[in-house]
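Both complexes below contain chain A, partnered by chain B and then by chain C.
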Partner chain A sequence: MGSESEDTVSFTVIENEKENITSLKKGRSAKILHDIIKSKITQQDYNSQKQVFETALLHHDNDTLDTYMEYINWLLEINFKGPQNDILLQVIERCLVEFNHNIRYRNDPRYLEIWLLYIDSFYMDALTEKRDMFIYLFRNKIGETLSIFYVEFSKLLFAMNRYDECYDFLMIGIQNNAMPNDLLLNSFKDFKVELEANGIVITPERNMEERNIDDMLLKYGNIKILDKNLEEILKQGPVHTMINQIRSSKLDIHVDDNDDSIQSDNKLQIFQDDWTNWETKSSKLKENKAIVTPLIPNTSIEPIKQDIKEIVKPSDKILIFNDDIGRMKPIYKTILIDGQKPQRIDYNFDLINNGADEYNLEQLLAIMKGCYRKRDTKRELDAEERPLKKPHHSGL
Partner chain B sequence: MSFFPAPVANTSSTFSTIATQADLANDIVINNPADDSISDIAFSPQNDFLFSISSWDGKVRIWDVQNGTAQGRSQYEHSGPVLTTRWSNDGSTVASGGCDNAVRVFDVATSQSRQIGSHDAPVKSLRFVNCGPSNAECLVTGSWDKTIKYWDLRQPNPITTLMMPDRVYSMDNKAQLLVVGTAERHIAIINLNNPGTIFKATQSPLKWQTRVVACYNEGDGYAIGSVEGRCAIRYVDDEMQKKSGFSFKCHRQTNPNRPAGTQNQSLVYPVNTIAFHPVYGTFGTGGGDGCFHFWDKNHRHRLKGFPSLQASIPVINFNRTGNIFAYALSYDWHQGYTGNTPNYPNVVRLHPTRDDEVKEKRKK
Partner chain C sequence: MSSGDSISLKGSTRTITEFFEYSINSILYERGIYPSEDFTVVKKYDLPLLKTHDEELKQYIRKILIQVHKWILGKKCTKLVLCIIDKDTGDVVERWAFDILKMDYDNENGDDEDKDMASVKIDPQETQKQIRSLIRQITASVTFLPELTNEGNYTFNVLAYTDAYAKIPLNWGDSSSKEIENGENVQFKSFETEDYKVGAQVSYKQSR
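After this line comes the complex of A and B, so read on.
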């Protein structure tokens, strides 16, 4: 290795940290990295530099967006191990919110760059959320004339296999004469090549030229509200007119509010509402935070086991005590005769036809009372004979 | 009728075949006439208000009605449940048979009882009959030993023993006709002019077990009641049977609280007992539903139906003139032991009959 000089970057310095360096999309300057690692910035230096940026932002010295850019870049470079805390997110969101409604920055590449950074850094794995963010930008006409917006958006849509949308947005970009022109056209060509390579056929909408931005908004700004598509809501018109119509069917008073105008008004209303739709990440996640508490030695952070007694759930059936057990209901004989209603005979036929013999009630009752005694003449004869025989047997 | 309270002035011209509780208001009620269910009721042929009640408690009790109240006169015992009782024609003797297989007689005058004979099985039914060419009175007993026996009360052995097709369930006689209903729906008809042979053996026309047989006053036919709420009107003579024999349904109800969605069901109760009015020739039936009805077989219609008394009627009978109709309410076991609750009634009621109830109506 050559000697370390001021101009050259010594990789031995970076070597120890190389696994920890997070990549930046636009690339990371090895020189700055080298300086940062070598200089060993203390917390104090860091805080003071931060303070410089904060005061600059407060005083609106020159272009605030420039300051933001520098601030964000500095944060990215200095936290080469990846975002250490929420400071980067906070700064980016502050920046985005500050210029959100500023028409001047709508088509500022720097502002769009921060948006893209924000989307890339903090919505890495959420493709649908990413798309929602892009649609938000599209609605608010941020990056309307910047090719990079369409290119990035089309990449995302392609990754999401939304080829039709991808095509549409590239076309919108071309229609809007987004700059730089060649970037967009190249991207469009790449898209077509990619489609052919993968054998994907898209069905682009006709009359691309006649399509206005509202239609596209309708098509792609389709966020479901109460499980209804925007289109459906627009078709419905305002709710209060619907109620009027329902009532009018009874009262026969018909007020024909100009439905078309209402619809268009309504459309605008919804889009106006959407201006405020975008939330900062912290406010989005505010309910989802886990409460962090310091660990104290000899404590268990496991959930404390509860002695849960058996609780009778409401779904459990209520015990109904049945005292029929061990008793029998009266047994009936039911006779079915075709064409007549069934007859239920209040008589236990099982009992009276018990076995081969038929019994009547009095017999059964007598049997039950133990007083149905048939005199068995045969047995009586045997009984008479036995005493006579007995001595004979004992004699043997 | 002086023994009964003065009847309620209910001689309205509107006649209904359905009686109400008000029609039973004048009944003399004997509560708990025995310690167990009533098995039979018999009136003295010589006295309007003297009757005997046999019971499953093993006793025969003789009752008298005076000034509207019933009084026990005397009683005697069997060594088992008593199933049947009857009076001799001169009113001097009460005979009874029961589960002790014994046939006993009781002398009303001396209050002495004695056993005159026995069967091999419980004695279910007995009658005093005048049989043979001499028309001598003798006692005939039917038993579950599948025989009937004729007894001369003065002799310890039966005059004749006659084999029956099966166990005797019911027996009745009028004039020279003796009809025996047995198990397996056999009917044996005996002409008492020739008591030693079965005059005619036949089968009950009813599908189910015979519960009771009862002879017409004329002695030319008999009625059969079955466990399945049905009565058959039969004549001994085949021609007469063809012309006038029939059967009809009775002691049935429509199930008032059937489960929803099920087909309507008729509740059928056994016809436990049939008794003919000694004067008018009409008859009453009592059933397991606790109802009794009066019928006119000749015109084939019901004279009067009474409301259910909520307890089975095991036996009914008329007195010699037919102006008292006695009926018992007690458990007859037709619902098994679960139906036998301590508060099941055990009652004998004496109903003063009115002519509009029991007299056949002239055709208009």
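After this line comes the complex of A and C, so read on.
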């Protein structure tokens, strides 16, 4: 029977705000939504809870990443109208920066999850930037052995119609033996089915087995990051990263014509970015971005209608210039006289002689240019202007 | 019970079964349990709703509803539950429960506004309106429900809470209530017919 427990939330409370709720992949707590909308969670509660998290982070109480996860989840839940303030972005980026150099967390699913959340939430409207972020992860070997990285990346590439890359990265994932295995394999199967269904042919390179990750790095590494492309980074000379120190390998980067040099391990150090150079989004927040504000009931959000003054519309199509434009065929006048053959006058007789007046060519030219005035000798001082009859034809 | 009103009972039952048909279809569509290509838009309750045209699924839902219809008509069914189940783990990820409450207006617990009437007449138009806002709420609930990520890997199960004496066909078995432990519960609006009051509720758990 209707077992209504205490924490059952009435949807009617939430309903008014339903358009303002940003959905989360993992779902939202209806209870929290209810409490916020009913103002059961006050600013004070919010601040004190925030303080709890901050203190925990400061003292490294438990696993810091766990605290971060909780903190971020809480922020997501509490700001149900979407990230309106920078706090979420700041916390996420703080977390990403904090663990970036920590090899231990590279393949931690929680860390990757935060990365994916970050890419998803703050790069949602820029596919290319999104791809750059994924390549950044790839270059830094974050999520290298996690299927979810390859699956998410391939989804993006598929959406960008980069099918070859999509194939390549899924293959890299399989080669890397990313876990869980079946997730990746299923994704690969789906990808192939999708390709067939859409009749897309890809040209995967044959020697996939011979290909190593480093080649792929070179292939896909050449993107603009930090507004520099690969060549510029190469020119900069050795890049010092933490990983380098650990490996204690030489950092020299040679640019040789010889292809073999590409295989050298040192070369690929350039792909391990120096985090300090990485500009976090919060530091370059775009001022020009419109702030997302919640919809207020009964407001019209359609574009404001413009007053359209009547505009003389040009003809739909632009005319293609042609020598005949503006010209006419020669105009003749045919005079019919009874009993005789019709007589044709070989010029535009009506133009020169319009019945009352006769014009000479200079006069006609003046009429065409609109500066012909008939001089009234009688009333020369009287400046009354009579409109001139426009000539019928503009050409002779 | 208002005197021997079998016509109204039949009508109410039909309204309720029809509602179940549309709400089950809507949930299956909204939650992506079946591919969206399998659904077509139909106009019902003045709303564009989606209904499957997959023969197999249609037959399955039909079979369930015919039985549920019989039970409701015999006043033997008190609750209908639609569980969405992850095929891989067998976990119930979402539980949509519809309570079917008998309205006994002879007793004093009828709604206040209807008290002055000897036998309660509920305008079918009003019922339709209530159903409409209930279905709207169900549709809108996707805003907080978790994304069912394991695409194409879900199935559903219908549970009916019946009277102990109800006749149960062979293809219906006993089941646990498939509750979601520590889940969140959201109550939707309800609608009333002359004989029943139907409420809806969803339970879910945020994925980790």
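One rule holds in what follows: the second predicted complex is superposed on the first by the 220 of 396 C-alpha atoms of A that agree within 3 Å, B and C clash if a C-alpha of one lies under 4 Å from a C-alpha of the other, contacts with A are read in each partner's own complex, and residues count from 1 in each chain.
By definition in this document, a contact is a pair of C-beta atoms (placed from the backbone, for glycine too) under 8 Å apart; a residue touches a chain by one contact, two chains touch by 3 or more.
Nothing here was measured: the structure is a model prediction, and the numbers come from that model.
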First (chain B), second (chain C), both or neither touched by A:14:
second
Per the contact definition in the header, classify A:348: touching chain B only (first), chain C only (second), both, or neither.
first
Have a look at where A:41 lands relative to chain B and chain C in the superposition and call it first, second, both or neither.
neither
Have a look at where A:29 lands relative to chain B and chain C in the superposition and call it first, second, both or neither.
second
Is there a shared patch on chain A that both chain B and chain C touch, and which residues make it up?
none
Chain C residues touching chain A in their complex are 78-79, 99, 101, 137, 140-147, 149, 161, 184-189, 199, 201, 204-208
Counting only contacts in the complex, chain B reaches chain A at residues 37, 39, 56, 80-81, 83, 99-101, 118, 120-122, 124, 144-145, 166-167, 169, 183-184, 208-209, 211, 227-229, 252, 255, 263-270, 288-289, 332-339
Enumerate the contact residues on chain A facing chain B in the complex.
327-331, 334-335, 341-348, 351-352, 357-366, 368-369, 371-375, 377
Per the touch rule above, chain A residues touching chain C in the complex are 1-2, 4-5, 7-12, 14-15, 18, 21, 23-31, 33
